[in-house]
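By written order: A, B, C and D. Residues from 1 in each chain.
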Amino acid sequence: MSSTFGTIFRVTTFGESHGGAVGAVVDGCPPRLALTEADIQPQLDRRRPGQSALTTPRGELDTVRILSGTEQGLTLGTPIALVVANRDTKPGDYADMADVPRPSHADFTYQMKYGVRAASGGGRSSARETIGRVAAGAIAEKWLRLKAGVEIVAWVSGVGAVEAPDLAARGLTRADVDANAVRCPDTAAAKKMEAEILAARDAKDSIGGIITCVCRGVPPGWGEPVFHKLEAVLAQAMLSLPATKGFEIGSGFAGTRMRGSVHNDPFVQKAGRLGTKTNFSGGVQGGISNGEPLVFRVAFKPPATISQPQQTADFNGQPVTLEAKGRHDPCVVPRAVPIVEAMAALVLADAALQQQARG
Amino acid sequence: MSSTFGTIFRVTTFGESHGGAVGAVVDGCPPRLALTEADIQPQLDRRRPGQSALTTPRGELDTVRILSGTEQGLTLGTPIALVVANRDTKPGDYADMADVPRPSHADFTYQMKYGVRAASGGGRSSARETIGRVAAGAIAEKWLRLKAGVEIVAWVSGVGAVEAPDLAARGLTRADVDANAVRCPDTAAAKKMEAEILAARDAKDSIGGIITCVCRGVPPGWGEPVFHKLEAVLAQAMLSLPATKGFEIGSGFAGTRMRGSVHNDPFVQKAGRLGTKTNFSGGVQGGISNGEPLVFRVAFKPPATISQPQQTADFNGQPVTLEAKGRHDPCVVPRAVPIVEAMAALVLADAALQQQARG
Amino acid sequence: MSSTFGTIFRVTTFGESHGGAVGAVVDGCPPRLALTEADIQPQLDRRRPGQSALTTPRGELDTVRILSGTEQGLTLGTPIALVVANRDTKPGDYADMADVPRPSHADFTYQMKYGVRAASGGGRSSARETIGRVAAGAIAEKWLRLKAGVEIVAWVSGVGAVEAPDLAARGLTRADVDANAVRCPDTAAAKKMEAEILAARDAKDSIGGIITCVCRGVPPGWGEPVFHKLEAVLAQAMLSLPATKGFEIGSGFAGTRMRGSVHNDPFVQKAGRLGTKTNFSGGVQGGISNGEPLVFRVAFKPPATISQPQQTADFNGQPVTLEAKGRHDPCVVPRAVPIVEAMAALVLADAALQQQARG
Amino acid sequence: MSSTFGTIFRVTTFGESHGGAVGAVVDGCPPRLALTEADIQPQLDRRRPGQSALTTPRGELDTVRILSGTEQGLTLGTPIALVVANRDTKPGDYADMADVPRPSHADFTYQMKYGVRAASGGGRSSARETIGRVAAGAIAEKWLRLKAGVEIVAWVSGVGAVEAPDLAARGLTRADVDANAVRCPDTAAAKKMEAEILAARDAKDSIGGIITCVCRGVPPGWGEPVFHKLEAVLAQAMLSLPATKGFEIGSGFAGTRMRGSVHNDPFVQKAGRLGTKTNFSGGVQGGISNGEPLVFRVAFKPPATISQPQQTADFNGQPVTLEAKGRHDPCVVPRAVPIVEAMAALVLADAALQQQARG
């Protein structure tokens, strides 16, 4: 089950960072959806390396090709195979590291689990694996937008010590988010974040960050208790992304310090529907969407691969000083924004179809 | 898929809070495991209401019965059906609330999703649903302990504004945890937490909290990238619990403020294995266990049902003042400790068997 | 995955022949379906032993109890737990057989697979396991009937050398089928079948048979290519039943001897829909229902447990003469009729809901 | 779930007959298996059209490419993406048929199910879809051979009225099978079958056939009762193939006419293991392999697309005479031999890994 996600709208990803290609197969996408590569490429471009001084200069074009599942620009309801070739592979960069597992990277655990690992670039644990997710997510997102009017917008809300103000209620668009390279729509915070990232980079170091995501227009009734509650599947989706360490929805960890009388979201009549006055629940109650915007946050650790020397041990336990080569982002969150959106779209499309099956 | 969890070690739960029974069917449990009700009852007793002044006085004995899957005290490798009868049901307590969805409870969303809902007690969204999980988890846990030497211990690390010091490295036992009613092994913090809970109760209010869980003895290699990474499935498991709003592993959200040079866990030779000097990763790298203890935290919101009057609206959007009856915990975390342990055990047993299938 | 069947309408069965109970949990049943035990009991009664001289005299009442998932006679959309107690257990009957695997029974393979097996009565390989399927199938069937007007009728079409004429197009009802004890609606054939069964019984022997099943009213569009084609899932469902050795749909094996010009089903306009003139396809094309009746046949071998002495070997390979005790049917097909119907209903309800999810 | 098969060793296929490519993603293949395209191509070549006068002249090379999941000729334990480009597409051949659903083909049902269908060549219902299965099956088969010594050999045992003698116990090899174009190892029967096929072709007609498959070396213990019994999953696998109408294992439908005293397979000591004297069970008891060879048969109907005129109706119900163009096999069984072997391999590899997970 490791590389397949979803019950009805299902995506199976494949590909290592330095093999022939990466991609995905989307099964269960509804038929008769207008779909070409042009619907998918924009989110891949937002995820692509080399967009700004804040990201790795690895020069991939990441051009997607649809191999199956559509005809004359419409989905057939059959599996949609999506392929992106790997081009700018430099396996040589990793030759020194064959005997030394990089600290906090997956070299050691892959070796222990599989008894073998991709000799270069992290293989399947590379962020490049997320290309298939982003491509698949773009399809899910288009369907959600056309079918249910759902809008998904994520942005960078924290980098290192810099935290943006709460923007969840602002009705942000992707254009707002992309207004700066760091993808934080609060200009003042964005500048500080950029400085934080550049400082880390200049120190041959890396820095963590937080992404906030809002999904608007989700109708009441999505999410499948008890084990596939909407927040549970969102949490799985987000924690399945490389470098993530935490997930919270609505009040999250801050909510643990609150009393029920404050935290409870009272019902109020809204235009055409019963809504809630506050949204500490983050758009879910009992694992099911309640019609309010979904609001969740994802914690990303600082990237493990840094250029400064590190004292560590090789596979034999011998102390060694490791100096990593390769091209890496000092902070993943600006490029992770479309990835978070993609996973949210995959979760929601699947939840929508499951609810539609309710009978 | 909603009430089934796991790929090989699979549990399916059933039961509403006020129906005939609650329980679970465990499929895929390895054969030849010594198992009787006595292996399961202790964790149910820790979860049971009425244990102390901190919990609801609802008087359930919650005695489990094994209906299948064992013979002469050994598992057969076939489905194990576990049933706990509901006895102390008082549907009348809920009669007033038929027309008014309780704020931040699941009444509204169940009604919107299913077009019907249990008239009393929250039905499937009740904490009583977790009985099946705890019973199933006790089986998983026994297998993990005997087969792999895994130990799982959770405790209350936060209640409201009170936070316990970091106890993850202390080698705590369940006896340590159960030394006080609040289930926080730090005595000073426990006293403050107890006061916090009692204050909330006396104010007809409720309060949130945090549970920390440590899993020791997990060998390297468990967890199935990319969508069933160990932390992803743990996150799903925990966020599928009632009242949870957040999950973090290792450094979690605090890690977003750190630099990679600090956050990275350097490898060092340990007794008989390659380990890491620090454990900001929380025991996982690339979604796979690395041999260090798993350490994660789960955020629980304040219980939605409080006894003080609340201004809200009924299903028709008419303003109404709601005064809840029924018997409810002012804070769920003391009783949620065995539930978190159970879900962790279910995740780990399934991951262990999947790794064993690797071939 | 062994004891769970279905993707959306899912059933998990449990229980050994001689443990505390057998039963099932149905997850994914649509909400707001009127449902009480009275909807389920009739099919259990048709499956029950002791109905006639043709079946085992084991005296079980097989009374079903619904433990969850309904309230005030309506399904809630939550898991429905169904339990039937085992009462008339006589483990002593099987004591002699502990060291000798019964020929063509599952004693040997269960022991090899699990390293342990139920000491008595076949455990999970007993026909008693099908009780959970029949109970769950009765729910599926009710939903199919109310929601889509689907009618499922199976009957005995062959016993030993006796074969009934083709009755698939006759519009048979269950009353027609139950008009005689052998459940073959062709009276002449039924008499010969009954004689065949009684002759086998009197010879301390057993005899095989065939069940034909027709599902009327299935609309076009059910079935999920390519691996969950309707006939593929029906085949799995039927071959998962004890004692089955074959499955064919439409022309089946006879179709292999035909030419395409004869076998093809030409389209013709029928009342309100496009139909086919003939139905060699058996109601499916490309794995999807085409609106014509589904027609399939299931082969059942003669029961393995016979009362006459058999030359065989014990677990150590030592030659031994085995004389079985216990109470067994000389022919399973009369009682298997409701079981085949139940599995067909489970397949169709799941296919219907999957198609409904298509979006 | 429609295009994914398997629980641990999982294959997801994609591709229409006339799109960019067909292929598969294999997830869960054990790591460290030596694997290159050369392991896969031979079975694709056996499946390829244009091999003899008996098959369609469509000139595809069907060259497979591995896009991921291996490095330096070893599997990594990660998803293996397999792609075969479509080259010789002639959509024009199908232009006339846009308004007329071909009798006994999937045009009508796809249109009813999805509301759209591939305008040419049958799309996903084309035999070309099986390329992904064959490629994936070749990997499964290699692992089974190296890991467990399993050998899988299928052959044509019936074409039209011609039936080959029972060859299941002869220890046939693929070389034996490939000794003639019809792939029946009995020379006399093969000649008659060839004549039958050519006669059908010359009459612009088609003819059905039967494939028998034997799997030798399967150890006792594979298969997952109750819903994933080995024969149940084999039945699903085979009935998921285009043009199949029946499946039987061991005695199959003939077994329904036998008495238990004859049908039962007595145990006897064999070299190093407990075996059975006869094999009416076909290698399974209670859904679990017993160490004897698996023997099963699959019924294939005559291909639906024939070149002679057919009286049928268009989508509007108007009578019409259809004359099909396109290139089609008059009989599918010679080319279906490697496809049946592939599906058997996928079933067995998955069953083996599930048993290995037993704990």
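The definition used in the following text is that a contact is a pair of C-beta atoms (placed from the backbone, for glycine too) under 8 Å apart; a residue touches a chain by one contact, two chains touch by 3 or more.
Since the structure is predicted, the reported quantities are computational estimates derived from the model, not experimental observations.
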Q. If you average the Cα atoms per chain, which one ends up farthest from chain C?
A. A
Q. Would you say C-D or B-D is joined by more C-beta pairs in contact?
A. C-D
Q. Between chain B and chain C, what is the separation of their C-alpha centroids in Å?
A. 39
Q) If you average the CA atoms of chain B and of chain D, how far apart do the two points sit, in angstrom? A) 46
Q: Would you mind pulling out the distance in Å between where the CA atoms of chain C average out and where those of chain D do?
A: 26
Q: Indicate the residues of chain D shared as contacts by at least two other chains.
A: 1-4, 7, 13, 31, 77-78, 113-114, 124, 225, 354, 358
**Q.** Complex contact set, residues of chain D against chain B
**A.** 7-8, 30-31, 77-78, 143, 147, 225, 352-354, 356-359
Q: Would you pull the chain D residues touching chain C in the complex into a rising list?
A: 1-5, 7, 13, 101, 103-106, 108-110, 112-114, 124-125, 129, 158-161, 200, 203, 205-210, 220-229, 231-240, 242, 244-253, 255-261, 263-269, 274, 276, 280-282, 284-291, 297, 299-306, 308, 310-315, 317-318, 354-355, 358
Q. Can you name the residues of chain D that touch chain A in the complex?
A. 1-4, 7, 10, 12-16, 19-23, 25, 27-28, 31-32, 65-72, 74-81, 83, 113-119, 123-124
